[in-house]
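Below is one structure, written out as structure tokens; comments come after it.
Going in written order, the chains are labelled A, B, C, D and E, and every chain counts its residues from 1.
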Amino acid sequence: MLRLLATVLKTGSKAEPVSIVADEHVLGENLRKAVTALCGGRALRIRHVDAGSTNAEEYELTALGNAYYDADRFGLSFVASPRHADILTVSGPVTRSMAHALVAAYEAMPEPRIVVAVGDGAITGGIWKDSYAVVGPVSSLLPVDVEIPGDPPSPRVVLEGLLAAVRSASRK
Amino acid sequence: MNGMLFILQGVVTLMLAPLMVGLVRFFKARFQNRRGAVPWLPYVSLWSLFAKDMTITRYSSWVFRFVPFVLASIALVLAFVVPTFAYGVVPPFLSNLFLVGGLFAFGSAWLVLGGMDTASAFGNMGASREMTLAALVEPALYVSLATIAFAAGSWSLDGMLAHEAGLSWHGGALPLSFALGALLLVALTENARYPVDNPATHLELTMVHEAMVLEYSGPYLALLEYAAAVKLTVTMLFLFALALPFGLMHVGASPLAVVFWYIVRFVFASFIVAFIESVIVKMRFYRMQEYLSLALFVALAGLVLVLMQQFSF
Amino acid sequence: MTATLLVCASFVSAFLPLRTRSVRAAVLMSLAGSTIVLALGLALAVPALVASASVASGLWYLDPLSGLLVLLIVFVGWTAAMASVSYLSAEARESVVSAQQVRHYGALSALFVCSMLVVVLANNLGLMWVALEATTLTTALLVAFYARPGSLEAAWKYLILCSTGIVLGLMGVMLVYAAATSAIGESGFAVLSYAALLHSAALPPALMRLAFAFVLVGFGTKVGLVPMHAWLPDAHSSAPSPVSGMLSGILLTTALFAVMRYKTLVDHALGSAGYTETLLLVFGALTTLVSALFILVQLDYKRLLAYSSIEHMGLTTFALGLGAPGAVVAVIHLVGHALAKPLLFYGAGNVLVRFKSTKFDRVWGVARVLPYTAGLFVFGLLALLAVPPSPLFVSELLLAAQAVAAHAYLFAVIAVALVLVFAGFARAFFPFLFSRDEAPIQAHELTNERWNSAHTAMTLHAVVLTGFGVALFAGYALPFIMHIAAALA
Amino acid sequence: MGPVFLSGACLVGAVLAAFLMASRMRLASLASLYAIQAMLLSAAVAFYAVAHGDASAYAVAGLTFVLKALLIPYWFVRIVRAHGSSERLVAYARPTTLSFGALFSVSFAGLIAQELARASSAPYVALASSIALILIGFLMLVSRRDMIGLGFGFLVVEAGVFALGLALTGGMPLFVELGALFDLSIFFVLLVAFARRAQREHASLATDYLRELIG
Amino acid sequence: MLALLYGGAFLLSGAAALAAMALARSAHQSAVTHALLILSGLFGLAASVGYCIELAHGVVRVVPVYATALFAFFVTPLSGFFLALVFLGVTLTSWYALGYLPRYHTHYTLPWLDFATSLFVLGMVGTLMAGQPFAFLIAWELMSVAAYFLIIADGSRESLTAGFRYLLMAQLGFLALLVGLLLLAGGDPFASWAAVAHAAAALPPSARLGAFLLLLVGFGSKAGLVPLHQWLPAAHPQAPSHSSALLSGVMLKVALYGFILSVGLLPAVPFSWAMLVIVLGLASAFFGVLHAVVENDAKRMLAWSSIEHMGLLFTGVGLLLALPNLPVGADAAALTAALTGFVILHALNHSLFKSGLFMATGAVVAQTHTRDLDRLGGLAQRWPLFSGAFLALALSAAALPPTGTFFGEWLLFQPLAIGFRSAAPASSLGAALVLAVVALVGGLAVFAFVKLFSVMFLGRPRSSAAEQAGEMPLLLTLPPLAAAVLVSLSGLLLFPLLAQPERVRLLGLPFASAVLPGAAMSSWGVVFALLGSAAAAAAFYRAFARRTIRITETWDCGAPLTARMQYTATGFSAPIRFFFRALVLSKKTLVVEPVVVTNPWIAKRRLSWATESFWEAGLYRPVGRAAIAISASVRRLQNGAVQFYLALVFAALVGVILFAL
């Protein structure tokens, strides 16, 4: 415990100064403003469903929580249940096994809800398109609000995508 | 005056409860070398939940819908009943320690009912664990509170605080350090914090509190989260008011000192919780027995200490 | 005079069924005979019960206690004859017994009653002994009544054991006779007169002690005291149920009565009751305990009832060892047992006729198949287990009141035994009566049970039992019982 | 050689007969020994009657003789033979052991009688022999394993008690003796009846077949 | 007037018994019997109310009811309270029986059952009214035996086994009582209680201790004190539910009454005896609640909880007995008042909520035909009113704040805490330990009842039986509902009367509150505070929340859920079973049957699981086995060999002669 504490103290803050990742910072600010505009103020809660990806997208999404990207500071957080979530992020082509789980997660989300397809697999089916094991892209099952292309998209792209998502939502 | 203070105390607690949660998160982020969200994010978050729709499972009954209100009302009562910065203002018949313990148990029971009414194994599992913890924590809770009460000669939380306020550092808090330590262990259990539960977990198998609210959404979820925040705030503030009994509001106290010490305690309490959560790991659930019996033994040791002081061996 | 008439009448009534042609006529004749005996018995006993002094006239000696015994004997004899009507008719219908057997049965039962009457009425101890042996001989054939495998064995053991016991009793009689001749200085039949002995000068204590030892073991065999009890469960379970009722209800009582008579004499001779009471207490406690252990693991309901008789005799014997208050207890207990046990045996008879087995594992759910029998049976069972308003409750309560301080350890034995008995009864009889699980009872088996004469007999017992119990609880009967028990002091 | 001595001698003779009975394994031999024993007993009563001039004792002696020395042994043998039962008897122990048992019984009886004689005025020999008879009778009751043997055992016990009565009081009143003899004869009749039934049911008189009722 | 009412109640229950027999063949038998019983209960309640009014006016008197030469029946303030409990219980359960029994007319032999019920009531009333050991014992035995017939009413093998255990313990207890009372009374069963007390004062201490222990065994065995409790959870649930309600809710209180009465006969109770009572009480409470937590049979779980509550009551009585021996000084009066208040209030509350719970569970069983919690669930959606009543009762049983039970238990907790303020250090620590145990018991009780309610009513039905349950008739809903209302009212109405009440003002409103040194509690205040907060929360919600609700499937990460994926009662209590595995012995049996001979891995596996009480394995079974073994060996005496029997006769003869010489 003490050793851990010592390590923590020795390391100090490793988050890159805002100036270095200025564009990310700006982007996050935009997002937050958009969200505030949406319903008069909210923190965004994300539920992620891996519908059959290579886990590449998951690595990138995980990176959102690390000290570098620290999505927390923008009011973005991942939650444990779709019932708590505002945004559903889906990665990978939807496999037959995961189709039901994906729809169930969507069903469980209270309105207003935003569906974001993360990665090429989720958008088009990618290289697994037309496979017997794949139902199709996410859009074949759910109304996708935003598509974040890339294989995988970098964390930064993901943040941009989320901004677009909220924008599209506020247009509705 | 007393009535005013009574209401003021409750309202302040209710207002600041989400801030406590935000602060804890903030400090935790700093411990993780992150910048973290702003401390007032929980307010935003709660409000946005309030503005959302709800989805409810088809297998739940009226009980499921009652739970948020019951928990919210318990939180309300606790906010008014547990003294946080002023003593001598709560009506004695409302600030009895057994009543507070009973309200904690009552809240746990309802939360568990909510978890059981989801027809989902996640909720059920959390319910079973929460119930186990709530049941087994009782002896330590009562013995540690009773130890303080014994030293204070009063069985109201208010009276305990008044007693502490009137004592010097070495005459008051020091003999009670064991009892306060036990109380801290109990408070961590009651509020589902480390090492009993991980409030930020996404893994259902390690959840206790979170598992029970997985099925709640929208305003109901907001009520539940708010209730949890209030509970954390009142327990922590009360605990630290006992430990740092300075600048407590009473007739003739300087408002500036009161505000200053209140802020100190508030921040310090959040910091301590975040600190604990950053430096220790969650225990296996099936080792909770050790943790809770440790709490009981610490509480009993505290009683012995107080007895020794009281009967001056 | 009435006594002679009563004995003669009961003797003569033995010949009534012999002349009949059909089974029905035979059993009805027996019933008629026993009704006459009942009437005469009432005429004799009721005045005796309330009489302030005992009457000794020639052969007979009548005090309140013997009056009570006469009453019990004629009553149970009568109800047994009544229960026999349905029981034997059913048996005969199924060709288990022949008409000839039924006639013999009637005659032997009447002779049995007659010999018991002689025992309780005899003034002469010699005559009492002869009559007691006669009870064995008359009932031995009744025990061997059936052509079942066990019947012969039971009757044979009964004959050998009881005869041996009675012979030992004879030695007791002889010793009393020797004591009397040496004390009075003359010999002859009249020396053995109970009334005379009771008022005679000091009998030699050494001989009387020895005499009581022989009488206790000898007649104790007949009473069923452990370890001389071995014949009892066999005989009771093999005899036809009404006979079992009589054996259990009144024969044991009669034999105990004989022991009581000797106890009075011996106490009189020794000047204190310590000796006899010690023996009675030890035998009583031993009997109660051992029979209780048997009851706990019993598999056959008639045998269980028989062991329960042993247990009750043990309790009564124990009570007799408690001095004057104990005598009151003993009298209540004897009456209660004599009323409750035949009821159960009659009921067992009905069950046996219906289920064709005396084993617990072959009989279930009697309450559904035989509701009347079961109702009355439960009543008797609870009465036997000393549940209020049973007189046995009062007697056991008073027994405890007397014994708990005076003989704490022996009473502890009794208490353990009582719990075991309760356990044994509950374990065995309640499934027997109420179980629904064991074997599905077919619808056609649930044909309504018809009221029969055994039910009437049982009801009579139940009514008398309740009446007696209520009288005791309300406090009316107690002075009366004390009056009777005074004859024992 | 007065009648009292002769009476005592007869009793001793009866004990001897009983002693022999204890180890005999044949029906005929048992019956004849019993007859001899009963004869000696009735002789003892008769001598006693001579000694005391007791009229009723004569009657008892006579009746005893007729019933026990003549009728019972005769009918016993006759009826058992008529049923075709085995005349070979069985016991739990071998004859030698039984003899030793009987010997022990006799010596023990001698000891008890010594004690008893001190307490009462009864003659030692008479007491000793009657107790010896009772003990031997019990020995037979315990050791024999057929109905005949047990029956004879009972008869020996009964004879012992009869003799004891004679020794203690010079016999019971006539009425009682009559009753006892009547009961004895009924007992005998029943015994024979049961034996007959046992023979019919089990084709044997062994008590081993009569051990069904247990517990 | 009171005597007439009490006598009328007494006679009416007798009349009910007669009616049950007389109308055995009539279709209206059951209704008539229970109507008479209700009438009896109402008479009794009227009498109780009258008596209370008299007492409130300061008239303390004994109401003579009936007397004969040998014994008398009368009502004292103590028995008056317990009589009120009995009559209340009888009224409620008979009301319930009117709706309940007709469903079971083929299952039970109703005349029998009603006859036994009436006699049972008669016995309880008689026990409470008895003026001497004699009458007390008669009525007690009547009650015990009648209860047996309630237990075996359905004639199943399980019932008969349970009944057998019950009867055995009842008889054991009865004998202990008999001997204990006789010891106290100096061997005179006809002495009045006053005379018994007088005689007891003259006893040597050893005899007094013996009598006390026997009485503790006698009443403890009826009340289900550890280790004499094992029969209770087996027996109470087997009875028809209205009878279970009477057995658990009312009969146990009669045992408590008996104990209080007989302890009152003793001149003084040494500290060590009081400690014994406390320890037994706590042990019972602990074992009772522990088994209530792990039990899966709904009715048996309620029976275990009865053991718990009786344990708490005995703890309270033990503390009362210990108080005179403790240096509590000036607080003594307040503490006595509070503990007395606890015993009274808790006895009342327990009889109410336990009757109510048994009735409600009976109603559930009547609809679903199973008592197995693992097969229930999902009933709250179907029966909202009924489940509400059940929940109120369950929360009462768990002694949670706004219910009357909480305030009752507060009167135990608070004196315990205060008790160690002025006492010596050792007893302070002792009191703290007692407090810890009581707290643990309280916590586990919450667990047990939350489990009961949630597994029974919440989530999805776990079996088709629960799924196809029909409408809950009003006649089965109302009596438990009435019990729930009454138990809530007891906190509001009775609690302020107990302890030392005073009026306190909160925000200008007067609140009657119970005050102990350093502590206070107001039931009205708490209830108002909670209701007010709930109203505030609801108002806030109504004002600000978006209340659009969409009904969906349960979310579970994906795979379609079935009802079998829910936690069962067994699973729910698994942690407690794990933590207390030394005391609740779990036995798991895995039977593996290979399907193919060649491959042992392809097999049918069947896992069966059962819990067992520590006492069952350690005490009851060995004793039972020993008794049977001894009996079996004694039984060999009867070996069928007449020669052996003759040898026994001979041996007896020799023995007696040796004694004679």
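Annotations for the structure displayed:
By our rule, contacts are C-beta pairs under 8 Å (C-beta built on N, C-alpha and C of every residue); 3 or more make two chains touch, one makes a residue touch a chain.
In this text the structure is predicted, and so the values were computed from the model without any measurement.
Annotation of subunit C and subunit E: jointly contacted by D, touch as defined at the top. The set of chains in contact with subunit C as well as subunit D comprises E. Among all pairs of chains, B-E has the largest number of C-beta pairs in contact.
If each chain is reduced to the centroid of its CA atoms, subunit B and subunit D end up 99 Å from each other. One simple way to say how far apart two chains are is to compare their mean CA positions; for subunit B and subunit E this gives 35 Å. The distance from the centre of subunit A to the centre of subunit D, with each centre set as the mean of the Cα atoms, comes to 114 Å. Centroids of subunit A and subunit B (each the mean of its C-alpha atoms) stand 33 Å apart.
For subunit C, the set of residues touching two or more other chains reads 153, 156-157, 160, 164, 168, 233, 294, 297.
Annotation for subunit A: residues touching 2 or more other chains are 81, 83, 107-108, 110-111.
Looking at subunit E, residues 548, 550, 552-553, 555-557, 635, 638, 640, 642, 644, 646, 661 sit in touch with two or more other chains. Those chain pairs judged to touch are A-B, A-E, B-E, C-D, C-E, D-E. Every residue of subunit E that touches subunit D in the complex is listed here, in rising order: 635, 638-644, 646-647, 650, 661. Residues 119-121, 141, 147, 150, 154, 157-158, 161, 164-165, 168-170, 172-176, 179-180, 182-183, 186-187, 190-191, 193-194, 197-198, 201, 209-213, 215 of subunit D touch subunit C in their complex.
For subunit E in complex with subunit B, the touching residues are 293, 378, 380-381, 384, 387-388, 391, 395, 398-402, 406, 410, 413-414, 417-418, 420-421, 424-425, 428-429, 432-433, 435-437, 439-440, 442-444, 446-447, 450-451, 453-455, 457-460, 504, 506-507, 511, 513-516, 518-522, 525-526, 529-538, 541, 544-557, 561, 563, 565-567, 571-576, 578-579. Chain contact summary for the complex, subunit C toward subunit E: residues 153, 156-157, 160-161, 164-165, 168, 209-210, 212-214, 216-217, 220-221, 227-228, 230-231, 233, 275, 278-279, 290, 293-294, 296-297, 365, 367-368, 382, 386-389, 393, 397-398, 400-402, 404-405, 411, 415, 418-420, 422-423, 426-427, 430-431, 434-438, 473-475, 478. Residue ranges on subunit B touching subunit E, taken from their complex, read 3, 50-64, 68-70, 72-77, 80-81, 91-94, 96-99, 101-103, 105-106, 108-109, 112-113, 116-122, 124-125, 127-129, 131-132, 134-143, 146-147, 149-150, 153-156, 159, 204, 214-215, 218-219, 222-223, 285-286, 288-289, 296, 300, 303-304, 307-308, 311.
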